[in-house]
Amino acid sequence: MGALFLRDVRLGLRAGGGALVGILFFLAVIAVVPFGVGPDLKLLARIGAAMLWIGALLATLLGLDRLFQADRDDGSLDLLIMAADRHMLALTILVKCLAHWTVSVLPLVIASPLLGLFMNMEPAAIGATALTLLVGTPAITLIGAVGAAVAVSLPRGGLLVSVIILPLTIPVLIFGVSASYGAVEDPAPFLAPFLILAAITLFFAVLGPVAAAAALRSSAD
Amino acid sequence: MRLIAENLGGERGGELLFSGLHFAVSSGEALMVTGPNGSGKSTLLRIIAGLLVQAEGMLRLEGTPDAFEGLAAAAHYLGHLNAMKPVLSVDENLHFWQSFNGRGQYSIAEALEYVSLGEIGHLPFGYLSTGQKRRVSIARLLVSDRPVWLLDEPTAGLDKASETQFTGLMRGHLTSGGIIVAATHLPLGLEGSNELALGAAS
Amino acid sequence: MSDAVSKTGRWIDLANPTRFLSLAGGILPWLGGLTVLVLAIGFWMSMNAPDDYQQGSTVKIMFIHVPFAWLSMMCYTIMSVAALGTLVWRHPLADVSAKAAAPIGAVFTALALITGSLWGKPMWGTWWVWDARLTSVFVLFLMYLGIIALTRAMDDPAKSARATAILTLVGFINIPIIKFSVDWWNTLHQPASVLRMGGSTLDQSYLRPLLVMAIGFTLLFFTLHLMAMRNEIWRRRVTAMRRVAARSADRGTVS
Amino acid sequence: MISHTGFVLASYGAAIIVLAALIGWIFIDQRSQRQALQELESRGVRRRSETKMDNAS
Amino acid sequence: MGALFLRDVRLGLRAGGGALVGILFFLAVIAVVPFGVGPDLKLLARIGAAMLWIGALLATLLGLDRLFQADRDDGSLDLLIMAADRHMLALTILVKCLAHWTVSVLPLVIASPLLGLFMNMEPAAIGATALTLLVGTPAITLIGAVGAAVAVSLPRGGLLVSVIILPLTIPVLIFGVSASYGAVEDPAPFLAPFLILAAITLFFAVLGPVAAAAALRSSAD
Amino acid sequence: MRLIAENLGGERGGELLFSGLHFAVSSGEALMVTGPNGSGKSTLLRIIAGLLVQAEGMLRLEGTPDAFEGLAAAAHYLGHLNAMKPVLSVDENLHFWQSFNGRGQYSIAEALEYVSLGEIGHLPFGYLSTGQKRRVSIARLLVSDRPVWLLDEPTAGLDKASETQFTGLMRGHLTSGGIIVAATHLPLGLEGSNELALGAAS
C-alpha cells in the first residue's frame, strides 16, 4: 500500500504538475473576487472563508476525473482489481485518494493562510479556515472517487464527473464554512459544525471507497 | 493444483462468444487458446482472471497453494496493455508491482537480466521500444510469484531471441509446477501443451 | 396467466420482462382511466376551494405544488430502491425501472421548482431564495439530470446499470436533507403541516382537495412510469435484435 | 384580499404544458419502439433468448 | 478541417455525456456558491459576474490538458502532424481549440444569462457578463492549447506548464470580470477592458496555435 | 518514383542507433526492415515519415506524384498505435481519416470489406478485439491514396487468414506502383522484397 501511495504521489508530481495547477486556480479565484466585492475590506473579510472554501472545492475537481482513468488506460487497473484478495479494493482506492489529496489538495490547504491574509481575514478566522480545509477537503476527494469510478469507462468524463460530484459535496461546504465563521462570529458555534465536518469525512472515508470499489468492479471489461 | 472449467460460456455485449467449454489444466501443463480474431480468446482469459463474469458454467482452481485464496489471487495476468507508467523508470515500475503483489523468487535486477534488459532499469518506461516494453512486462511475472500465468499474446512484438528466451521462462515455470494459459496466434514453442481452439468469428 | 400460477410464483414471474410486459399491458388502460378520473375530481375540488384569508387565491397553487414536491422525493426513493434491486438482487427489471423513472422524476422536480417560484413571488416577494429547502430541491433536480446524463453517456445498459445504481444510492443522502431542512435550519419555507407526527394541522377544506390531487398525481406517476418502463424494455429488445441482425449478416458475408 | 390569479393560472398552465410534453414524449417513444420492433420482426430477426423462452412457456 | 472539428465535437459530446452536461456543470458550480457565502441576495448579485467567470475558467481547464494527450496516446497526433503539408498544423490546432471551446465552454456562455438571474444580477450586468464570456473564454482555450502542447512534448513538463502558461489566463479573467463590472458600476469603464479582452483573444488566436504547432512538431518522437 | 536514403543515421536520446544506411526503393518494391528489439526499426520508419529528424544523411523521394509535395505528404504511416478513437464507431473513425487525408480509390464500405469486417462498421472501435482493431487500421490505408506505405509490425495480432489477406493487399499496392517499407519480426510473405537488417542491440 505504501508503494501505491508513493507511486501515485510520484506520478502526480512528475507528470501532471497537479499541485501547481490547483494552486494557480485557487489564486485566480481569490484574485478575482475582490473585483466583484469592491474595495470594501470588511465585506471581503466576511466572505473570505467562503471564498477559500469554494476555491478549494473547485480546485479539487481538477484532475479528479483521471483518478482511475489513467490506470485503466494502461492496464494497471485490471491488476489492481485482481489483487483484491491481497489488498482490499476499497483500501487500494482509499490510498489512491490519499495520494491525490496529498499532491493536489494539501498544497492548497498550506497556501490558504497566505490567501486569507490577502482577503484581510482575522487571524482566528484564517486559522479556523485552514483547519476546516484540512479536515474537510479529504471528504471531497473521497466523494469524487465515487464519481470518477462511476465514469471510469467514459474517456472524457471531466465535466460529467464534476456534475455528479458537486451536489454531493454541498454538505461538506456548508459545514466547513459555518465552522470557519463560528470561530469568529459570536453566536455561531465552531465545534458543532467542525465535528460534523470530521464526521462527514470519516463517513465518506468508508462509504466512498466501498462505493467506488463496487463501481470499478462492475466496470472491468 | 488443477484449473478446471466446466461448461464455461462467455459473452460480450449481450452476445454469446463461446459456450460449453470443458477443460482442465494441471500443475506443469500449459493450455494454448487459439482461434481467429474476435473469437473470444482475450475474453476467456479475462474471465479466468476474474475481470469479466462468465455467462454460464463453472470455473475453479483445485488445490490452491495456501498463500493464495481464490483463482484471481493465484494468477498473473499479462494482457495487451503493459500496466506500466511511461513517466516512471523501469525500476520504479517493477518495484511498485513487486511491493504491491508481494516479493517473489527473483529480485528486480535478476528479472531484468532474465529478459536481457539488465542495463536499462534507470530509463523511463516510455522510452523503450515496443519489444523492450513487452519484455519489462514479462519481467513483472518474475518479480512476484503466482502459480497461474494468464498470457494474452505474450510474444507480440518480441524478436526471435527474446521469443526463445521467453519459451525458456515458461518451461521453467511449468517444471516448477505452474500452470499457463496463453492466447496466441503464433506457436509459443511449448511442446506437449494442449490446445483449445475457439470457434470462427469475423 | 393460468390459474396454476401460485401466489408465490408471481414475483418470480414479474422478473421476466415478457410477463411484465403483458401484465403492464393489462393494467395500463385501467390505471390511466383512474388517473384521469381522480385528477379531474381533484381539479374540480381545488377550483372550488375557498380563498385563504392570508394568501388569497394563491393558495390554489398548493394543490399542485405540494404533490409535485412529494412526488419528486418519492420518485427518487423508488429509484434508490430499484438501485438496491440492481446491486443486491440483480433483478433484471430494477435497472429498467430506475432508468425509466429518472426523466419523470426530473419533470416533477422541475414542476415543484416552477410552481414554488410562482408561489414565492406573491408570498415572499421574490422568485428565488437560496434557503435550505429550496436549494436542496434544486440539488435534487441537478442530481436527476446528472443521473440521466450518466445513463445516456454509456451505451451498454448492463454497464451503466450498476454505475447509475451506485450513484443513485450515494445521492439518497439528499432526501432526508430535503425533508427535514425546514426543521434543521430556520427558513422562509413552510414547515411540514400535512405529513407530520401528531396529525395534520391543515384545514379540512384545503386538506381534502390536496389529498385528492396528491393521489391523482401519484397515479399519474405510476402510469407514466409503467409506460416508460415498457418503452425501455422494448428499446433494449430493439438494440439486441439490431445487434444480432448485424452479426448474422456479418457471418454471412465472411465465412 | 389581493388576488393573484395570474400566478395561479401561470402555475397551473406551466404544470399542464410540461406534463403534456412529458406524456407526449412517452407516447412518441412508445410508437417508435413499437414500429422498430415490428419492422425487425417482419424481417425475421429473433432475439437469442426468445427461442429458450418460447420453449419454456 | 470540417471533419476534424466534427470529430472532436463528437468525441466531446459522446464521451463526456452530451452538451447538456456543460450547462449542468455550470449550474452545479453556481449552486455551490450561495451555500458558501450565504443566501444574501445583494452580495450574490455583486459577486455574480466573478463567479460566472470562475465557473467558465474551471470548465475550460477541465480536460484542456488532454487536448493533445489523447491524440498522442492513440497515435492520431502522428498522423495529424504528418498531414502538415495538406493542412497547416497551426490551423489544425486552431480547429481543435474551437471544437474544445464549442463543446466545453459555449454551452456555459449560453447558459450564463439564466444563471445570472439565479444570482440576482441586474440585466445589464448579465448581458455584459455573457458578452465578455463569449469574447474572452476562447483566449483561455488558446492559451491552454500552448500549455497542452508543451506538456505533450515534455513528459515531465507538467510543472512548467502550470508555471508559465496558466498565469497568463489570470489577466484574461481579470479583464473579463472588470469589464462585466464596468457595465453596471458607474466609475468603472466597460469598453476599455472589453477591448483589451478582445485584443487578447485575437492575439492568442494567432500566437497560440503557432506556438502550439512548434511545440508539437518538436514533440514527435 | 524512388525512395532514396544516403548515409542515413538515426539517434534516440543522444545515442546513435544506426548510421550510414544506404538504400533505394523504387515503385513496386518493398523493403523489409528487420533486427532485434531496440535496434531502431521504428525509429527508422518515423524518420522516413518525418516524425523524427535524422541524425545525419539524406532522405528523399524522387519523382513524387504531382498530388503530393514531399515525402511525409506522400506516405501512409501505420504505427504501433491504431490512431482510432474508441468511442467513435468504426465508420466514423474511417470517415474522419478519409476526409482529413483525402478521398481514395476505395469507399469505406469497400475498404472494410477488404479486411473482412464488412458489417462491423457501426460498432464503437473500442469494442473490437485486438486483431479487429488492427484490421480497421489497415483499412485506413485503403480509404485514402498514398504511394508510400510505412508499416510498423503491421501484422501484430492478426490471425492467419487476415495475414494472408493483408499480404494480398500489399501485393496489390505494389503492382499498382506503390512503395512499402515495413518493420517486422515475422515474414510478411512478400517474395522478392529487399531486406534491411539493423544492428544488434539489447
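Remarks
So that you can tell them apart, the chains are marked A, B, C, D, E and F in the order they are listed, and the count of residues begins at 1 in each.
We adopt the following convention: contacts are C-beta pairs under 8 Å (C-beta built on N, C-alpha and C of every residue); 3 or more make two chains touch, one makes a residue touch a chain.
On a predicted model such as this, the values are computed, not experimentally measured, just so you know.
Counting hops only between chains that touch, subunit A reaches subunit C in a minimum of 1. Listed by label, the chains that touch subunit B and also subunit E are A, C, F. Summed over C-beta pairs in contact, the chain pair with the top total is A-E. Here the C-alpha atoms of subunit A line up with those of subunit E after a rotation of 175°, rounded in steps of 5. When each chain is reduced to the average of its Cα atoms, C sits farthest from subunit F.
Centre-to-centre spacing of subunit E and subunit F amounts to 37 Å, using the average Cα coordinate of each chain.
Note on chain placement: the centre of subunit C and the centre of subunit D lie 15 Å apart, centres being C-alpha means. Once the centre of each chain is set as its mean CA position, subunit D and subunit E turn out to be 39 Å apart.
We define each chain's centre as the mean of its Cα atoms; on that basis subunit B and subunit F are separated by 29 Å. Residue positions of subunit A touching 2 or more other chains, listed in rising order: 14-15, 73, 154-155, 160, 163, 166-167, 170, 221.
Residues of subunit D in contact with at least two other chains: 48. In subunit C, the residues touching two or more other chains are 135, 139, 142, 145-146, 149-150, 153, 240, 244, 247, 250, 254.
Those residues of subunit B whose C-beta lies close enough to touch subunit C in the complex are 13-15, 200-202.
Interface residues of subunit A, counted against subunit C in their complex, comprise 143, 146-147, 149-151, 153-154, 160, 163-164, 166-168, 170-171, 207, 211, 214-215, 218-219, 221. Note for the complex: subunit E touches subunit C at residues 14-18, 20-21, 24, 27-28, 31, 34-35, 38-39, 41, 44, 118, 120. For subunit C in complex with subunit B, the touching residues are 156, 158, 240, 243-244, 247, 250-251, 254-255.
Taken together, the subunit C residues at the contact with subunit A in this complex read 87, 135, 139, 142-143, 145-146, 149-150, 153-154, 159, 162-164, 166-167, 169-171, 173-174, 177.
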